[in-house]
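Heads up, the next two complexes both have subunit A, just with different partners, subunit B and then subunit C.
Right after this comes the complex of A and B.
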């Protein structure tokens, strides 16, 4: 069995099983937790709970005016690599084939060269994220090994994917195998680290928004 | 005993003109990616070479490799190679049969001890004492061991000989192994393909004859001249890949427009061969040009790459069954943990009520 056969075969299958199992375990586990009831009557003029939750999910996508100056760089950089990752993951034809393979969903691909350029920008942005985390005293204090692992398993697929497309490093099939293995690592770590925010951000923002709006707090 | 004639003399006697000979040398050196100056050196080397004794062993194979060489569309090239070599043993082509054929093989081995080249097509079955393929009472393994003992070099032609090929595909019922696994202490060249390009076979033998040394080989012992670049690298449909234009089925609009066949399982990106440049049938076409993806036939284990029509980007193992099971297990465990949390909470509030 070649490295590519291993990557495309048992490694990827195991990673997908762990990903699906882990994500649903954590999501269902959180969704079925008992809710902390708020027995106070809602503040007069308070929106419906779902509306307050939805508003907060959207509103928190951009910092409040008083925080913009201090958070503009990390906010913009976060947008760059989040949007970049989304375009690379969901725009490149081989990725669409991969997703179609286990979900049955498919859509038109972006030109490969465009995705390549986006990938380069995304990787630079991810490096900037790491540098900031390493040099910012507060962020460094708050960071633990799991955070760096989350960064690594996010950046590695981008780096190996670029190297595969640009014929950089070993032969194509070796780079492709490393790329697939790095994706397998991402899928395995995804449910157990902070990468789960991809699913949880809606729930956590929504819960905060529902509680705040009930009390008449503007978000 | 008279000294055997030089190749140049033999060819002149057969009416091969100097011009045709030089054209052949130029063509071969170009195919082998040698510098232009090598053409003259190759012609000179060939002219001074003695006819090379070649013993061709056929084991677990389909005769497609020798068909590829003899039925190729460029007889001017591949016919010439038969003028350069003395093919002393070849099941499909030799007139002799039975004991006479085996005598011819042993005779050639004695007369050219240490100088003859062994070409092998087909893999060797090792299961159950090698009983799955025998020739003249010998297992393939025995015949190979006997023949390569005094050979100068071994050329494994076709994917079965080079990497095990179809006989070795899972579950490999005959215990098939590639030639390289059974040959020790002799140089081995692999010329894989199902079948291999005739130019790759002829070019490799010509280079050995002309320069007396093996061509430059890659990690899988394939001549770099023919296996140095991937099909994808040289594919004329690559611009469609770059633009993200893919045929989704063999008869859709994309297929009619000649778009990339990646999504239909083309293995071009991981297959090293020169089909896209040398092409088949006298340069007429190659599989991708004819509308079918590359099946990766010159790569080890190509038959077990997860399916000929399964795209490279997809998992080599089907996920349709395992994903729902993993999902159901995830939901069950998640519900279980939430239930435990609820019980703990209920227990804590009961305790709070008591106190």
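Right after this comes the complex of A and C.
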């Protein structure tokens, strides 16, 4: 078995199992906690709970004008790497083929040179995220080891993917194997660290939206 | 946790281990689904720091709102979270120590107003202010709150108010009536509205209580104040003392029920609204049997119904939005309707409405003498924003905000008066039959 076979086979399968069960375990573990209902009478004209929740989920997709002055750089950079990651993951032809083989779903690919450029921008953006976390006093204070690990398992697939595409480093098959292994690492760590915000953001925003729409506050 | 040792106070005679255990037990009880989701969703982006007046005013990282939850987070991860057994077995997250808890007091009491501006900025929508309130329950259980707040707590437990014993209420009201010439019914056996006060209205701000009396009397409302429940400023809500919060809440609601009142009217006080309007239902699972209203919404309704009419002032004004009634209470529009009825040309602060900066005194911080220097720094933000409006009047609708802003102005030698929305309404009432 070559390294690539191992990466594409048992390593990825194991990673996907950890990912699926880990994500379910963490979500269910939280959602099974007691629900402390709000029995206060709602503000007159308050929307239905689900609508209040949904509005906040959507509203927090973009920044508030009131805060943009103080948060412009991290806000923009967050958009860059989130959108960049999405375009690279779902826009590159080999990724679409891979996803089609697993799920049967497919869609048109973006030009590979464009995806390459987006990949470079995304990696630069991620490096900027790390540098900021290392030097900004607030982020240094808040950060745990898991936050750095989350950064690493996000940045590695981008870096190895770029190296694979650009034929940089060891031979193609080895580089591709490293790329797949880095994705396996991402999937394995995903349920345990803050990458879970990909699921929790909806629930967390929704809970606050429900709480405050009940009071007649648009949050 | 912080470089320099922070000041702290201790109450009671519990040993250190018992204190830690009491805090942990309480923390763990707080984690329902919503609190847990909010613990789980944080990505440590640090955005909340940019919303907090204490961080903005000082630049100090330790005032980052979500950092104030660090020990609460540790309790969650070790005892409640989905991977808690693993976290404990491998000691991935250290158990809070007595030193940690003591040092935490400054972050959770001195430098947080539970104003919720951080809740507005968080990309994950984490309601940090609510979590701080929940964490305070554990600090109270551990006997680790600022002594000044503990003193008020003990007084309120005994008197039903941190300001005055219930039995003194008739005499105090009689003095206010004599001073301002407006009748204030006390202890009537039946009324439609139970009117409550903030402590300052029985002391330095008696004018506000007289103003409320004047409006209610002119509007022909059947109302009374009552020894059974008269102080709406819920010190238990601020301190993290849930039994006291319940005692003070029940005093208001049960007294209202006893005299057949349909409405409990809260004074110009933010936390009174947070406690009675949104949290009373904790103790009335079948539904709160009376309507709980803040003075601002009551004035808004009186004006809308035509029961009171106002002579317009016709000058410029700016408005400080009290966090608990606007950002966390939903009365942003009601306050502005009352200002409009007063004929003000409103010059909004740069940050206003639900994005307004806190006065710096909420959540008990105004009473916490230790926090005065920090409060003064935060005041500079508000001062600069008020000056930038160029407005003639500076109005608010919370007695605690007013006290905080007045203290800030005095210290900064800033010659601006903070006016009460309620008092302005009372001054501008149209006397029916007179021009």
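One rule holds in what follows: the second predicted complex is superposed on the first by the 212 of 219 C-alpha atoms of A that agree within 3 Å, B and C clash if a C-alpha of one lies under 4 Å from a C-alpha of the other, contacts with A are read in each partner's own complex, and residues count from 1 in each chain.
The rule is simple: contacts are C-beta pairs under 8 Å (C-beta built on N, C-alpha and C of every residue); 3 or more make two chains touch, one makes a residue touch a chain.
Since the model is a prediction, treat every value here as computed from it, not as a measurement.
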item: First (subunit B), second (subunit C), both or neither touched by A:78; value: second
item: First (subunit B), second (subunit C), both or neither touched by A:203; value: second
item: First, second, both or neither for A:211, with subunit B first and subunit C second; value: second
item: Contacts of A:26 with subunit B and subunit C, given as first, second, both or neither; value: both
item: Which of subunit B and subunit C A:87 touches, first, second, both or neither; value: neither
item: Which of subunit B and subunit C A:111 touches, first, second, both or neither; value: first
item: Touching partner for A:34 - first (subunit B), second (subunit C), both, neither; value: both
item: Overlap of subunit C and subunit B interfaces on subunit A (superposed complexes); value: 25-26, 28-31, 33-34
item: Residue ranges of subunit A touching subunit B (in the complex, touch as defined); value: 1-2, 4-5, 8-10, 12-13, 16-18, 20-34, 92-95, 97-98, 100-102, 108-113, 115, 172-173, 176
item: Interface residues, subunit C side, partner subunit A - complex; value: 31-34, 36-38, 40-47, 49-51, 55-56, 61-62, 64, 66-67, 80-83, 119-127, 130, 277-282, 284-285, 287-288, 291, 326-332, 351, 354-355
item: Touching residues (chain side subunit B, partner subunit A) in the complex; value: 230, 232, 241-244, 246, 262-263, 269-270, 300-301, 304-306, 311-317, 319-320, 322-323, 326-327, 329-331, 333-335, 337-339, 341-342, 345
item: Parts of subunit A lying in touch with subunit C, wherever the complex brings them together; value: 25-26, 28-31, 33-36, 38-41, 43, 56-57, 60, 64, 66-67, 70-71, 74, 78, 136-144, 147, 192, 194, 196-197, 200-201, 203-209, 211-212, 215-219
